[in-house]
Amino acid sequence: METLARIPQLLVYGLVSGSILSLGGIGVSLTYSILGFSNFAHGDVMALGAYLALAILPLVSAVGIGSGPLGSLSFGPDFVVALVLAAIGTCGVVLVLDRLLFRRLRGAGRITLMIATVGVALGLRNVIQFFWGPQPRYYSAKIQYATMIPGLGVKIKPDQVFIMAVAISLAVLLHLFLRYTKIGKAMRATADNASLARVTGINTERVVAWTWIIGVSLAAVAGILIGIENKFVTPELGWQMLLPIFAAVILGGFGNPYGAIVGGIVVGVSEEVSTAFISTAYKPAVAFLILILMLLVKPTGLLTRRS
Amino acid sequence: MEQLIGVVNYLVFFAISAGIYGVLSLGLNLQWGATGLFNIGIAGFYAVGAYTSALVCGLPPTAWDGRMVGGFELPFAVGLLAAALVSGALALVIGLPTLRLRADYLGIATIGIAETVRLILKNEAWLTNGVWGLQQIPSPLYSVIHRHTAAYITAHPGLPEWQRLLVSRAYNWFYLLLVAAVLIALYFVLKRLIRSPWGRVLRAIREDEDAAAMSGKNVFAFKLQSLVLGAMIMGIAGALYAHSARFISPASFEPLYGTFIVWVMLMVGGTGNNKGAMLGAFVVWGIWAATDFVTDYLPWTAPQVAALRIVAIGLLLEVVIVWRPKGILPEIGAKRRAL
Amino acid sequence: MRTSGASMSLLSIRGIESGYGDMQVLHGIDLDVEPGEIVTIIGPNGAGKSTLMKTIFGLLKPTRGRIEFEGREITGLSADRVVRLGLAYVPQVENVFPSLTVRENLEMGAFIAARVPRERLDRIYELFPPLMTRKRMRVGRMSGGERQMVAMGRALVLDPRLLMLDEPSAALAPNLTATIFERILAINETGTAILIVEQNAKESLRLSHRGCVLAAGVKCFEDSGPAILANENIGRLYLGGE
């Protein structure tokens, strides 16, 4: 009975980690639907974002932006600035990678492209290790105390509220972007039919660039949020994230960014709730199990694509 | 003279490793080169083969072990066979849900299985002794050969140093022959298979799966056979590794590196060509070993240098993909395709 | 701008050879389209009609030959560059964006423009009245005839001088075919030249200024549309009976 009593609290943790997975999954879905391949370097892009934020933070503080904590959050405005700059920086890196590598492979077979992304994953991870070493790097040494949510009987930390707020806001912004901006519509059009998009005059290189920008920004932010949640990051972070993110994407339907959101929440919650029954070491195995189950039961995902 | 023997001994050791990677590359070549299957969980099959053979051939758990089962002290050949069978079974488990679907799905599923295997190896100490690993894995004929070489050395006290160095490492020569024998046997078996009607169907599937399906072939069954067979070969490689290293732990099977370097080897050597697979193994392993020497002269710390070496291999892969995706040796039986 | 009475053709194709990889499909095609003309290309399956369309529009690179539009060379230019010059293309299949609405599909037709020309959109709704009431409908949910209207509307948004249609009636029921060709005539009346590829081409030839027959990658006959229709030999070989 005691185990079951822990479940509501685990649900809350699951929502938090699920929001992070959702942000990561959106990028994978977008890349897949518009560029046509699964990006196995996505996790390490998240890690890059997390590490860049750490590197940029002292520079931001030096410029004079305050580091006093914002309300009951564990960080100050300087961190928020660092977060934004890190996202931009990560985008820059990936756009360069696209120019140097992926652009030359535009016509290549899908599996060749995916192997190339595995190579990028390995490269990014080791570049991170080269500059920052294999030991964990800490985001915050302070312990933050969780407060009770009135009426629900579960606790949550201010940082965790921040994480979910960021994830929700970004998801909403993404929706508005895809729905109402010209380039957003062009992205949806390219996802539908890339060849017709070209025939229509849509500048597919620009669409590709925006796909990277959006997917990578979300990934970088997600990586930083992981740093906030876990308090530290390691170079392993990226590869560790791959399995739950892909499980989320497959659950929601490959290529459907909205599905990735749903999938992320489901996987996050499942992973956390599972710790009531099995060892925490096996959390990734839970994601894997969800993955295999989806493939057996409904490989197209719970939310099939709207067309 | 002693230095020369030192080099020779090192080269033997190098060749054993390269040969084991060659076996892995042959397995991947069957899955990817011949059939177009996207397996990025090679390390999982490799690790399972290694552990299976170690547990089958090794000593029973001792008081110092965390283990509770295993260690049947069976002969090497049995270990090899067991390794192949268990790896094959694992491939079956993965292949069943994924092979009817797109390549991406097999990719992520193989990552998952490699990860899960690693988790089990680390956490289920009752079976695997967890992070402390398995020690004293017996090597085939080791005691016999060791007895003879030791006897030889004691019988010749005035032996020149270089001869002593050579003889004391004689077991490695034997193991090298063993690995070479496995490699050559596999090469010929695969050659027959690829040229057989079965192999032709695999290649047809790789070129155009829909066309193959329409000509009435059960594409799924063929893919499954290829995946399982390739995994069995990888399991054998694992067993060969376990018995040469004589100590294995979960850390020996980092999924990303174990898998990744084999892909680089195959792409460099020549996808779809078995000789290419073996060539690639030696070339890339050679590059890897060479970087080990060069890094002594670099001003960075050990973990930095280790990271740099991997970045170098990653760069090698990307360069190959962009400029010479077919690799050094051409694909055997590749028809000129009219798209 | 339309040059009246100029000796320069709108579209001029000389000696085009093209194909897919090792397989050569077109073995030297010459063709002209004059401003404001309707030209229909007919021929059996595999003759290279679609290949020619794709080559003109930059989806395939020709191995030899020259294509000029309004005097400017466009050989091998990529599709999005060709669109900017005043050509538009409606492929035979998959010619709409199914998850976008009607309005959004049309907006995509104006992608290269700075803003969506409202007046043009209104003209297109006039041309295809059923679309007017379905502006917000996802095109993927619409019938074949409605989709074809969206496909053609999308191509017309920026008022191209040359509209290229690949088998516009292919997926349509016979009663809709008449409507589509009637619309094609209406489009032409505004001055747009139209190049049509058709397999069952009676309707199309009837309203074409000129027609040409493509077979095995070469042009083997050319005449005015009605003359080809009246020609018994061609009728038997390529028009599927009388």
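Letters A, B and C name the chains as they come in the text, with residue numbers starting at 1 for each one.
One rule holds in what follows: a contact is a pair of C-beta atoms (placed from the backbone, for glycine too) under 8 Å apart; a residue touches a chain by one contact, two chains touch by 3 or more.
Because the structure is predicted, anything quoted here is derived from the model rather than measured.
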Query = Which one chain sits nearest the middle, judging by mean Cα positions?
reply = A
Request  = Please indicate which chain is farthest from chain C, where distance is taken between mean Cα coordinates of the chains.
outcome  = B
Inquiry  = Can you tell me which chain pair comes out on top for contact count?
reply    = A-B
Length of the line joining the C-alpha centres of chain A and chain B, rounded to whole Å = 33
Inquiry  = Based only on mean CA positions, could you tell me how far chain B sits from chain C in angstrom?
reply    = 56
Task = Provide the C-alpha centroid distance between chain A and chain C, rounded to the nearest whole angstrom.
result = 44
Key: Touch list for chain C against partner chain A, complex   = 57, 59, 78-80, 83-84, 89, 91, 94-100, 104, 107-109, 111-112, 138, 140, 154
Note = chain B partner, complex, touching residues on chain A are 32, 37-38, 40, 101, 104-105, 108, 110-112, 114-116, 118-123, 125-127, 129-130, 133-134, 239, 242-243, 246, 250, 254, 279, 281-282, 284-285, 287-288, 291-292, 295-296, 299
Message = Quick check on the complex: what are the chain B residues that touch chain A?
response = 32, 36, 38, 40, 97-98, 101, 103-105, 107-109, 111-113, 115-116, 119, 122-123, 255-257, 260, 263-264, 267, 300-301, 303-304, 306-308, 310-311, 313-315, 317-318, 321-322, 325
Task = Mind listing the chain A positions that touch chain C in their complex?
result = 182, 185-186, 188-189, 191-193, 195-204, 305-307
